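Shared chain: subunit A. Partners: subunit B in the first complex, subunit C in the second.
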Partner chain A sequence: MKAVKDSAAGSLESSDVLVTVIPSDGREVSLSVDSIVFKQYGARIRSVAEEMIDKSGLSGASVMIQDRGALECTLRARLETAIERSAAEK
Partner chain B sequence: MEERVLVTKRDMAERAELLRSRGLAEPGGEDLVLGFFSDEKLVATGALVGNILQGIAVDREIEGEGAAAVVASALVKKAVERGIRRIFIYSKPEEARRFQDLGFTLLASVSVESSGLGASLLEWGSEGINAWKKNTAVIAENKPPMAGSVVVNCNPFTLGHRRLIEYASGNSKWLYIFVVQEDRSLFPFDVRFRLVSEGTADLPNVTVVPGGPYVISSATFPTYFTRIQAGDNSGKITELYAALDLEMFRKHVVPILNIGTRFVGTEPYCPVTSVYNEMMKRILPVPEEDCRAIDVVEIPRFLEEGVPVSASRVRDLIRENMMNEVENLVPEVTWKWLNSEDAVPVLEKIRKSNSRH
Partner chain C sequence: MTQTVLDAREDRWNRRKAVAAGLGKGWAVLSFTLRLPAFLRLKRRYESISELLFDDLLVFLGGKGIESSFREFAVHGDGPEGTCTVRANPLEVKKLCVEFEESHPWGAIADVDVMDREQNAVGRSLIGIQPRKCLVCVSPAAVCVAGRIHSEEEIKRQVDEILSSPPFFPSERIIRHISESAGTALLLEAAAAPKPGLVDPYSRGAHDDMDYFTFLASASALAPWWGVFARKGWNSQGKSPESLFPELRKAGLRAEKTMFAATRGINTHKGLIFSLGVLCAAAGLLAAEGRPLSAENCTSCGASIVKNIVEKDFSGIKQSSADAGSLTAGEKLYLTQKATGIRGEAEQGFPSVLHAGLPELLSGIQAGLSLNDAMINSLLSLMLSVEDTNILSRGGKEGEIYVRKTAKEALSAGGMVSEKGKEAVRKMDILFSEKKLSPGGSADLLAVTVYLYLLTQASG
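So, the complex of A and B:
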């Protein structure tokens, strides 16, 4: 599933997370994580994101996560939506 | 809060009132204005101006409840949907912290003493400036320290630019020539960049660098690309943005390329550039805690038969169809290009426009 368009899901509100997916050249997926609770949860956020990206089969994208203290279920939902929107044919 | 795109006159008037109540002016040039309503009352607003989030205001009554985060993320999402990759935001310096907490990176903060105006420029995410610095640092490898620099738009490349660059090259161990990258001039960036590169290829110690998004861009210096409007405040606002662009230069560009001097030509015609030069002489030579002092060398504009040579004069002559006079004011490389097939649509555009750029 190749990323074909820029997409974003979520928000920068407290207890939410903004996930942005931007298509890039090649097949690789790059991931950047920024969080207000990076020290405690940075690694966890990254591993959840990597797992979701793998599962979706997303390729050729740069994924940016700006976390404002979201619960894991919120993070998963935002990732799923952003990835789906980015790969959706229009 | 209910989010709505504002279009009607009534909505816009309400928005102007909200901005005014928070000491803000309408930014102008908005591509999209969002309003947030609570019980049909406008309580927050924000706008997208190109790739810049501007005019963000929140009603006093709901301040501190995270409304600014709602506005900023709604605008970021709209910008992303439009394919905008680099997103900037302006805020008052005292409010920059709030946006930093939302994941924006502070690029520069300035306040101009004479007018009391201040502004901060922030960028969404943290990738942009750092990636740019990493790529730009490569250019400086094995180059001598305390290099010279010029920033030029070259719309188009004239003998005036050539003289300035010759002088700067002769008085520097190495010279970086930044060409403004924003494509809002009559001559497209790739043409301007190529003419400068070819027209300075004989100089042994120069590197021509694309200005990118951080050297005189629509984010660092928006008023550079528009006409100064008749009105009381525009001069002060130009000063503010000039200060912001210069702050960006000394904070981010100078250390990466190890620059010691900036060369500039006197500006006889353009009021924006002349304000910019004045601010440059005021700001750059004064060291601050994390910024070294940079020498500013201003050299008189090159004269042809007693008249200063400038790109705006060249464009005027093109507009008036006096091509034989143009030939005296531009280097051969520019003259050749002006007579090429590629130039036809550009010349046509110049003749039809009266844009400052």
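So, the complex of A and C:
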């Protein structure tokens, strides 16, 4: 599934996360994680994101995560929505 | 977290961004939510708590001189939320919001976000403040929330603990402040001396049917009424100020009854019930709208409450009733001299108070005069500009000219600042008392002046 357009899901409210997907050349997916709780949960956020990206088959995109202390279930839901929106034909 | 909640949050975020994008220069957008986990936040019980807190936030900001607009409170899929725009530097307003979160007894469960017109969220880090602490422990809140560190029972217990403390809502505090300012103003005005032709602790002035104690009894009986007027203003937020007046007049008539019962039928404060009633309601309304309680805001809001009152009250008066002798003194004066008295003064936004009484009081206090002496000077300057129907009905145009002439002389002799001025005031008192001239209209506006002074001294 190739990313075809810019998309975002979520918010920068506290205990939420804003996930932004931007299409890029090639098949690589780059991931950046910014979190106010990076020290405690940065590694976990990254592994959840990599797992979700793999599972979705997303390619050719850069994924940016701006986390404000979201629960893991919130992070998963926001990633899923952002990836769906980025690949959707319209 | 359910999809409904997630969608509602995203929707709120996008609405905020849209509001922020449309902001004028010097404005920011505030978003208020409850800092509670969804299992609590979505319960009905927290809706009214949230609305009270949001009201309090705006009163708090108004007290700090910050004007808010487009306020909206609603309950969506993510729970209760309040939004408004504020005219302030985003960093400054964020600092105040943090102060609210940390100083209000229930502030720990309030979450106030600020966004600037470039759609940037203005967080605590931008103003150099540590991240917010958890509701339950001393760790940063985000760490505990994201890691689900505390159990639901633990959080619930903590929230119940917070809500068990008396809230001391600023909304209650502000009503009390308005009411006390008015009540105290009546006492201070009555006690100020020497007041030419008027009742004070040492003289009955031009009156033989009342004395200082009559005024104390009246002020004391009226004290509970000012809060009633203020609350009516508070509750009318969102309606047109004009539509408030009929209700105020009804309450005013009941307050008059209280006064007459306390004075055994003597009219001490009838005019003042009208003016201060309107201005207490105006202050309540301003406070509810989160607007600063300045003298200018209060008087102009008061003017919009009594809009067109001269026309409404006087247009129906007929010469025939005057001949039949069924008119009040004020109505007769309007008919014969087009004098609009206190109604005209109020309708124009109390210009005598704003431009004569209050500046004179403030400059007196700044110059180091006692409150008593500053009040007497303020009274003198009011006499120069007020259309005083008490004087007109007893002394006619001649009386008015005489009052203004002597007040002007006393003021140019220095008023209460100089011995010569003080002597002039004492002489006025004797002469007014002899001639039965009682500048009651100016005295009422002195009480209004003192009220505005007290109100703006320590609002919020």
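One rule holds for everything that comes next: the second predicted complex is superposed on the first by the 90 of 90 C-alpha atoms of A that agree within 3 Å, B and C clash if a C-alpha of one lies under 4 Å from a C-alpha of the other, contacts with A are read in each partner's own complex, and residues count from 1 in each chain.
In the analysis below, contacts are C-beta pairs under 8 Å (C-beta built on N, C-alpha and C of every residue); 3 or more make two chains touch, one makes a residue touch a chain.
As the structure is a prediction and not an experimental result, all values here were calculated from the model.
After overlaying the two complexes on the shared chain, residue contacts for A:Ser14 are found with subunit B and with subunit C alike.
Look at A:Met64: by the touch rule set out above, it reaches subunit B but stays clear of subunit C. With both structures placed on the common chain, the touch criterion links A:Gln40 to subunit C but leaves subunit B unconnected. Look at A:Thr74: by the touch rule set out above, it reaches subunit C but stays clear of subunit B.
Applying the stated contact rule after C-alpha superposition, one finds that A:Ile22 touches subunit B and leaves subunit C untouched. When the shared chain is aligned, subunit B comes close enough to touch A:Ser32, but subunit C does not.
Legend: residue contacts after superposition of the two complexes on their common chain; A:Asp6 is shown touching subunit B, with no touch to subunit C. When both complexes are overlaid on chain A, the residue A:Glu51 reaches neither subunit B nor subunit C.
Where the contact sets of subunit A with subunit B and with subunit C meet, they give residues 10-14, 16, 36, 68. Contacts from subunit B toward subunit A in the complex involve residues 66, 69-70, 72-74, 76-77, 80-81, 83, 85, 101-103, 125-127. Taken in their complex, subunit A has these residues touching subunit B: 5-8, 10-14, 16, 18, 20, 22, 32, 34, 36, 64, 66, 68.
Residues 1, 3, 6, 9-10, 12-13, 31, 33, 35, 111, 113, 121, 131-132, 140-143, 145-148 of subunit C are the ones that touch subunit A when the two sit in their complex.
Contact residues on subunit A toward subunit C in their complex (touch as defined above): 9-16, 36-37, 40-41, 67-74, 77-78.
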